[in-house]
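This structure is in structure tokens; I'll ask about it shortly.
Labels for the chains are A, B, C and D, by order of writing; each one numbers its residues from 1.
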Amino acid sequence: MTIIVNKETTVMVQGITGREGRFHTERMIEYGTRIVAGVTPGKGGQSVAGVPVYNTVDQAVRRHPDIDTSIIFVPARFAVDAFYEAVDAGVRNIVVITEGIPLHDEIKMINYARGKGVVVVGPNCPGVIAPPIRVKVGIQPARSFRPGHIGIVSRSGTLTYEISDYLSRSGYGQSTVVGIGGDPITGLDFIDVVKMFFDDPDTKGIVVIGEIGGDAEERLARYIRDVGLKKPIIAYIAGKTAPPGKRMGHAGAIITMGMGTAESKISALRSSGIEVALTPMEVASLTKKVFG
Amino acid sequence: MTIIVNKETTVMVQGITGREGRFHTERMIEYGTRIVAGVTPGKGGQSVAGVPVYNTVDQAVRRHPDIDTSIIFVPARFAVDAFYEAVDAGVRNIVVITEGIPLHDEIKMINYARGKGVVVVGPNCPGVIAPPIRVKVGIQPARSFRPGHIGIVSRSGTLTYEISDYLSRSGYGQSTVVGIGGDPITGLDFIDVVKMFFDDPDTKGIVVIGEIGGDAEERLARYIRDVGLKKPIIAYIAGKTAPPGKRMGHAGAIITMGMGTAESKISALRSSGIEVALTPMEVASLTKKVFG
Amino acid sequence: MKLYEYEGKEIFARYGIAIPKGRVVSSHSEVPEAIKYVGLPAVVKAQVLVGGRGKAGGVKIVNSVDEAIDRVKSMIGSSLRGAPVRKVLIEEAVDIDRELYLSLTVDRSVRRYIILASREGGVDIEEIAARSPESIVRIHIDPLIGLRDFHVRRLMYELDLPEYGDLYNIVRGLYSIMLDLDADLVEINPLVITREGRLIALDSKITIDDNAYFRHQEFFDKLMSEERDLTEEEIVARKYGFSYVKLDGDIGIIGNGAGLTMATMDLVRHFGGSPANFLDIGGGANRERVKNALSILLNDRNVRAIFINVYGGITRCDEVAIGIVEALKEHGTQKPMVVRLVGTEEEKGRQILEEHGIKFYVSDEEAAKAVVEIARRG
Amino acid sequence: MKLYEYEGKEIFARYGIAIPKGRVVSSHSEVPEAIKYVGLPAVVKAQVLVGGRGKAGGVKIVNSVDEAIDRVKSMIGSSLRGAPVRKVLIEEAVDIDRELYLSLTVDRSVRRYIILASREGGVDIEEIAARSPESIVRIHIDPLIGLRDFHVRRLMYELDLPEYGDLYNIVRGLYSIMLDLDADLVEINPLVITREGRLIALDSKITIDDNAYFRHQEFFDKLMSEERDLTEEEIVARKYGFSYVKLDGDIGIIGNGAGLTMATMDLVRHFGGSPANFLDIGGGANRERVKNALSILLNDRNVRAIFINVYGGITRCDEVAIGIVEALKEHGTQKPMVVRLVGTEEEKGRQILEEHGIKFYVSDEEAAKAVVEIARRG
């Protein structure tokens, strides 16, 4: 089994006719993802990589009622509308690749979608990839991933490819890899995804890739203290050398109010029995240590 | 068992120091309801019928963390705020007695609360009463009700007392009686409550008291056609003589767009195997016919 | 509360929805000035709140000032489907290419706002719904996110009008009006596309939620300062706070609670009688309220017998009884009456009635049979 | 983007939040006029965007025009905690009874807005949080229902200020500012209660979400037309769209993706080196972008060695390699460099580097060790 996506996952691409949408639609189809529809207002009737394009999400889901997942490539100023359009149409999973969505929009989008039970990956994220079933709803380079039993959840993009790559080369493939996104507000947090991995029989161990800022890692540590370490977890935290009060790229990566330092995260995770690697490569060696 | 309320139901009264709030707090306590707190801004520190009054719901629930239900007597223009205050504080059931809440407020309140999984009875309703456990969160006259196994769900107030009274006199007491309210938008509809009664082992039969306007009865009929008549249902529909296009008291009781006539409701219900009484008294005689 | 066409159009204009050039007149002496402003040919439209105005002759095209004066003269002071015409709207005649229907209201069954639209305008939506329900475009709006661009986009594609950028502003305007003014219906029928491709609201229908009065006091008071053709029901409702609806039968009905009052009407019909009205005195009515309610029916010439059916919850039977006695004292007992009184303070109430020789019933069915019998005997 | 105190206060005033009478001056010649307007004693406040201004001498009370001129003279053109002072705000001195802290921001961990307040104002909230966390009032606001009266009521009771009706307007004002301007922080510290019982915002701190630029283009452009004390980082970020942060080490870092770039910095530190910066070229960077990034570091005197760590996903290694080669051509190779290049088009990228004699690594750890060694040898 995998999480968020499965063998039946049927995908619609919002913003399919844009440069990025088009490129990644091709890559996702190549990888094996079942993409049945695209949406771009005004481009209805065209097709991209053999996928029919519709003017509205409503038209797409009426024509393809099996759509359960949407991936959004729409530029930031229109992404919010596209997002609500997908929720309104009853889509169950939404992957928001778009970066630069205003904070106040994000906070409302996510609260609204969670209230409807919709799973939101992102915004500002690489998406979800499940190597065992060759389903990719995202922009990840396929070469970094191998089928296997390690679940990865991460706040960053390239660093995840890097670590997955190390794991793959060390013989530890992945069950599902989820990039929850780098913005201060994300649809899923570490706890949500770790819970899913705990419940997934095909995931034997979990890698958590965190970074400074916020308290997502500390909350995960608290959660693990409460429910117990049901599967081995190995964590890596980026930003140990970052000074407080500075934004490190991601709007999220900022240390304020004395919170969110790498030290506080690492010590919280360790005190919950989670192994913490000090370098990306060490994630692979710790995994080896744990699984032999 | 009963629905919505149970033996542990612990109640807060919002607007407890008003005339109605005070009067019905006394009646509810007399009946047996566990009321632990009241809220009226500016009246914190007072007490009503031995119940301590707080300035904010937050203070009340922090002091009495066992509060799970709120009943709102606050006047219409402040009721919306009181309602959100209760949802925000994590109360699980909210009974809104207040009538005259603007439609646009109601539609937002109810959508919001349902998204949070909060059970809303009303607005503009008599509340919930469960004679077997002597819990009343509402304004019903206790004398009309007897403990028993008939679940009643109704859009009106006095008509419900009337029918309950007939049932009580005929030897059919009630498990729980729910007045969902007479406004066009209500927190619960017939389907919600009938489902609960189907799941309640102590409810043997169900009485549905409908009226003209809207399509709540037709939707119930459709639902029963889909899931089957798991317990006997007897219905009564008020407004058979009402002309179209006129509002009959309740904002809800209006026939428009060719919809919501008594005839359409009665025939929909009957075609789903639901017995329909033609007079209030006949509800009792049909009950006798069904249960012998 | 319903707004007149011209009132609704003033609001449309404020929200950037195009309307025809127009002037409201309340006397034919204002017509030349109005025609000068709107030009010829023009349309004169009687301002009433009832439906079916066009079929009843309330809308006419005029080609000269004299014709306009004649039309206005014959309209003002007349009555249209029972409603008095006090004002007439004179508008430029618009060059119509197509007529659409567009409205925003609440779909109670799914607890959402709904955009209703049709490529057939100018016709009653209920007629369209009856004739070809599939031709009505229905787009729901979740109140938690409100109107979004995608709703309008859907509407445009479903109406096959993607080129009309104006439609965005119109739908946004309707939505803002609905929320800002607490309207429960905002309708444009027809919304016309002119030969030049402009979208213009040819009519307006706005209904305001009375419950929201406290938020718009000034606006409501301004509306009420206009002479409005309120129905008798509305006047009574505003004066006493009752829910009152006149019907064409001869048995007057008073009940407490809308459901019970409707059930009472139904019971009378069930036993062969014919209700003259619906009158709900509401919960917790005191003697004064009961007296006022009864007075309305005692003064109604169509009412031959009266049936008072009260189930006392918050309402106390003794208060009801006293109210009845006082009303009868004031009016004398010109009309036969059947009283059914149960519930809170039932004993006291009955005692009061007995002392004044008023018969009462415990069973609603017996009471209904009795009042039907009385009315039949006349 | 951070707003200056005076800019924030202009916004406060527009939203009905009381502020002291004040004038902004950018030269001492404007002082007499300003003092005439605000009266004496007055407060002169250097306008900078860094914290701790008071402790650094940026706020002074003056009792005469001459004193005010002296203070302004010494402030303007000076620098406060590294920030140049270009403007000074001159305000009436307010008769303070109590000082409070009040702000609105986003609590990311629960995805809600949060009102933060304290009965202790004028102090850094982080200090209060560290010293007595329980004294901070925290009230969450669900974005789906927004600010409601009950939130403010809670705040008033928790601050023990139920008599201050003004607080409603202030909190409503802050909330509207936050939403209308896409602010992620709106802070009043201190919010003072005067001896006459008025509530006045003595300071302002507003930070605007840069992502919302498209909604406020005019406003942002107006702000940017003012000379602002932008940091070098902000200037670079605005010019090239990089995320760039200067640090005090000597190894320049370039990465693609914030997480990977931070991890690269950490790796350098892990092996005993000291990063000179954080520079994230983002996803899908082309040669131009890589060249610009490298130029920044080549021009930085503190940088002794450069570590480029790219994991190509959307980013193509060949583009990165070409960018590096071009930057070196332009600058000459004054600085030692370690390149680690893997991922999309890795082979092509390596080939280009090899052709130009640039050494590259496959392992990030080896690359990090190498660059630390190079920097150490100097």
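Please note the rule applied: a residue touches a chain if its C-beta (ideal position, glycine included) is under 8 Å from a C-beta of that chain, and two chains touch if they have at least 3 such contacts.
Keep in mind the model is a prediction, meaning the values are calculated, not measured.
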Pair exhibiting more inter-chain C-beta contacts, A-C or A-D: A-D
Between the Cα centroids of chain A and chain C the separation in whole angstrom comes to 53
Counting in whole Å, what is the centre-to-centre distance of chain A and chain B, each centre being its mean C-alpha position? 43
Centroid of chain A to centroid of chain D, CA atoms only: how many Å? 28
Distance in whole angstrom between the CA centres of chain C and chain D is 58
Could you list the positions in chain C whose residues touch two or more of the other chains? 142, 144
Which positions in chain A touch two or more other chains at once? 108, 112, 115
If every chain is a node and every touching pair an edge, decide which shape results: line, ring, star, complete or other. other
Which of the chains touch, listed as pairs? A-B, A-C, A-D, B-C, B-D
Chain D touches which residues of chain A in the complex? 76-77, 100-104, 107-108, 110-112, 114-115, 126, 139-141, 143-144, 154-162, 165, 182, 184-185, 209, 211-212, 214-216, 219, 236, 238-243, 246-253, 256-258, 262, 278-281
Please name which positions on chain C make contact with chain B in the complex. 106, 108-109, 111-113, 125-126, 129-130, 142-144, 178-179, 182, 184, 209, 211-212, 214-215, 233, 243, 245, 247, 255-263, 265-270, 275, 278, 280, 283, 311-315, 342-344, 363-365
Using the touch rule from the top, collect the residues of chain C that touch chain A in their complex. 140, 142, 144-145, 148-150, 153-154, 157, 162
For the complex, give me every residue of chain A touching chain C. 41-42, 44, 55-59, 81-82, 84-85, 88, 108, 112, 115
Quick one: which bits of chain A touch chain B in the complex? Just the residue numbers, please. 115-116
